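Labels run A, B and C following the written order; every chain starts at residue 1.
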Amino acid sequence: MKLGGNFFEDLGPGQRLINPVPRTITEGDVALYIALTGDRNPTRCSDEFARSLGFERAPVADMLVFHIVFGRTVGEISLNSPGNLGYADLRFLRPVFTGDTLRAETETLGWRETSKGDTGVVWVRTIGFNQRDERVLEFYRWVMVNKREPSVPTGADSAPPMPAEASLAQVSFPRITRFAASATGGDRFWEDYDAGERILHPQGMTLEEAEHQMATRLYQNTARVHFNQLQQQSSRHGRRMVYGGHIISVAQALSFDGLENVLGMAAWNGGSHVAPTFAGDTLFAWSEVLGRIDLGREDIGGLRLRLVAVKNADPSREEISLRLAGDDGRERYDPRVVLDLDYVALLPRRAVAG
Amino acid sequence: MKLGGNFFEDLGPGQRLINPVPRTITEGDVALYIALTGDRNPTRCSDEFARSLGFERAPVADMLVFHIVFGRTVGEISLNSPGNLGYADLRFLRPVFTGDTLRAETETLGWRETSKGDTGVVWVRTIGFNQRDERVLEFYRWVMVNKREPSVPTGADSAPPMPAEASLAQVSFPRITRFAASATGGDRFWEDYDAGERILHPQGMTLEEAEHQMATRLYQNTARVHFNQLQQQSSRHGRRMVYGGHIISVAQALSFDGLENVLGMAAWNGGSHVAPTFAGDTLFAWSEVLGRIDLGREDIGGLRLRLVAVKNADPSREEISLRLAGDDGRERYDPRVVLDLDYVALLPRRAVAG
Amino acid sequence: MKLGGNFFEDLGPGQRLINPVPRTITEGDVALYIALTGDRNPTRCSDEFARSLGFERAPVADMLVFHIVFGRTVGEISLNSPGNLGYADLRFLRPVFTGDTLRAETETLGWRETSKGDTGVVWVRTIGFNQRDERVLEFYRWVMVNKREPSVPTGADSAPPMPAEASLAQVSFPRITRFAASATGGDRFWEDYDAGERILHPQGMTLEEAEHQMATRLYQNTARVHFNQLQQQSSRHGRRMVYGGHIISVAQALSFDGLENVLGMAAWNGGSHVAPTFAGDTLFAWSEVLGRIDLGREDIGGLRLRLVAVKNADPSREEISLRLAGDDGRERYDPRVVLDLDYVALLPRRAVAG
């Protein structure tokens, strides 16, 4: 691995990288994840509830698995990134338990220099494995990366096509015989959500520097923009930026109120970090139901959801549109929107309500 | 569970609520508890010492058990609370160990609208259970809750009587044969404390936003006032409020210096959060010995203590009275007092000093 | 233990103290250590990698062992210390694993009142033991301690000689047969480092109050200067000081980039906290190779390194000298230098590269 990390020029397509530093996930990571994000899903915070669903004990939160796998890739891909941009075709393939050791491999797929010329976008595909070399997570992401030589054009211009939707062929969840909703506090099952509904999650969460730094270090994600205030002072925003994945986790945790019976994430069709977030910002979230997906199982179904996070505005108290028409007639995200994630959640069906 | 939580109007007496989201306590929670509060009691931070007392391994700190049980109840009782007021007859009934899963049930006992009419006080009784449905904790509490319709009077006025003292009939602690005070650093046993003594705990602890937020999220206590700065800006104090339970934990941890041989809490007779605490405040504590309680055991005894926490004043350096006489002749708490807790600690007796 | 801790006058030579509060190290401590410091060494964060080196599972990070042992000694030695000064002949004698319980014993070796007369320096030797009474760590340290009676001279003036180098007779590390550098991302082995090289570690880390307070509480180090802002307001710096050990941990974590294949610390020859660090400071680090040490083993060797931490200046971007000549011709540390640590790291030799 290069000291100081790769720059855009180093990340041309066709490289297969074995990302260093395998990581064993422990009960300590799980507790910190709860303390830093506010996660309350009983599937992963109660061994008893997890056993009632057919697990041997509570699996690790899907987003914690994502962060650990993602963290492996930062040293080679995004150490010198001013911001992660988006994701496609992300799939959680297998539950992870404390004691498992995760590692990652990443393939570079394409690159394109930005018009300004000092940065470029790099497309990669990452696979996360456990200690038995079983795949636990796969995803595409694209990320802005600084150039080593901002003034030297690279001519890089090969953006690869990204899958529009994630395959759900390999959804891994135990067969549920009975779902005790008294443990979640939710009374809505898969059949009770209809496309078009917008669920306004009622809570807000203010972020602190120590919190996002601790979360990001826990995942061993070392991207400079999150930690180095001396460097960030002279950046565009003048501040440390919050790791985008932390925003997804906080938004997901906020979404528990209104989506109490969600069992976990199966896949992401796509997602974008629409705007940066900083310490002091207060996050809110809503979920839009995009549709129900029949998984051919009688116990659980898929719910396609758009999870939107906004900052410093409470969608329960003021109407916020996802997009606004600009003066030029083009639609743009409302400037308060920071996350737009299109994902598939797993929910119990009424047949297993008990 | 109602999206957005219950308001005062929803919390009339006679409801029996099974509070959602069971929670398995892990070594991660224990480490975070130490990191966030400064707990140093070897009974719970040393497996070796705990074994010397007859435990199989270190039990979970009593206050961590309290926080986890309390946290279960917030969604239904105090999500929309501007402040928790007090407790009565709280009893720790059984030790909890990592790996145990806790859940809670709460009964609403009474309610009274406040004179201003925009809030009311709700009285509840909560029982915490482990995964074997054994009771581990019971307590009464009363809490201020916002009304959904501040301008519509409810006429609610049925404050229930609260027990003045906690019963000590069911104190659960292994039989000790030898207490090695070299492990605690303390040289005082049960017989060495006399009613009337005031122990000035010498240390102070300044609180940070990230710390109280992490603690409160760890307990999955979601009350809005602790997390949502956007909302709090327009509140009376303009700031996020620190969860009152965090104050008890920090004060208890500060009290280790001077009460080194305390084995843990048996019960609370009563307690009040006298004034709110905010990030930036520095906490100090003293303990007043209210009396010794003979538990009919030769190894341990009960010590009735008043634990007082004050903010931004060091009782070792300036004399602070618990109460001051106002101009109207009525006694009020000194405005720097934030906690007044009347509890029973367990201490080894001289017979087991070794 | 004295309520309020010992002062300089209490710490005359020849005392043997059994430091209170044994502490079991758990997976929670390990996760917090990663979250607070940014440690990424796979030897201690991957059970799989640790097994490939001959451990049964991942050992606890050397610096976490140091902090826990050090923390035991604070109540008696440095509760009333305005700053820890230095270390000599520190040796990690045996790996520590989660579940182990550590305790400490400390002997006072010498003391010297400072010229100003309000403080003095105390020299001590501390030994850390595990639950089998095996030594895991030994070190000398000297620390400034406040006097109880600043105006009463003690005449204390018996500074003991300190060892100039640590003995490496007892290096404890399993016999390695194969070191998979793909797990660390590093391509340099013991033979690849030569005396005189300066490795500029590319990252910087900004410190927050909540972070250093959580770290220091985790280690149950209660020294007042780290926690009590009310007291510190009237101190020389007006602020809480960061525990010096936290600086070593952060600098060591930063040094992973460039020293990826380091297996851990074997010993410190000596170290000094050259200047205080405060929340808001951004830390950077470099390592100077002082020499290779042949341990008589074919699998691993010792690398003598000088780890230097500086604040608010990036040595990758500006030339920083360790020492500057003053107007009086005397050399002093550059005022941005906060740590100067002379230690021995263990590295795999090329023979085991695989």
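By our rule, a contact is a pair of C-beta atoms (placed from the backbone, for glycine too) under 8 Å apart; a residue touches a chain by one contact, two chains touch by 3 or more.
Because the structure is a prediction, the values reported are computed rather than measured.
Fitting chain A to chain B on C-alpha positions gives a rotation angle of 120 degrees, to the nearest 5. Of all residue numbers used where chain A meets chain C, under half belong to both copies. The two sides are thus made of different residues. Taking each chain's centre as the average of its CA atoms, chain A and chain C sit 36 Å apart.
Residue positions of chain A touching 2 or more other chains, listed in rising order: 26-29, 31-32, 208-211, 214. Listed in rising order, the residues of chain B touching chain C in the complex are 26-32, 34-38, 40, 42, 45-49, 58, 182-187, 199, 202-206, 208-211, 214, 257-258, 260, 280, 282, 312-314, 316. Chain A meets chain C in the complex at residues 1, 3-5, 18-24, 26-29, 31-32, 75-76, 98-99, 101, 103, 131, 208-211, 213-215, 217-218, 220, 222, 224, 227-231, 240.
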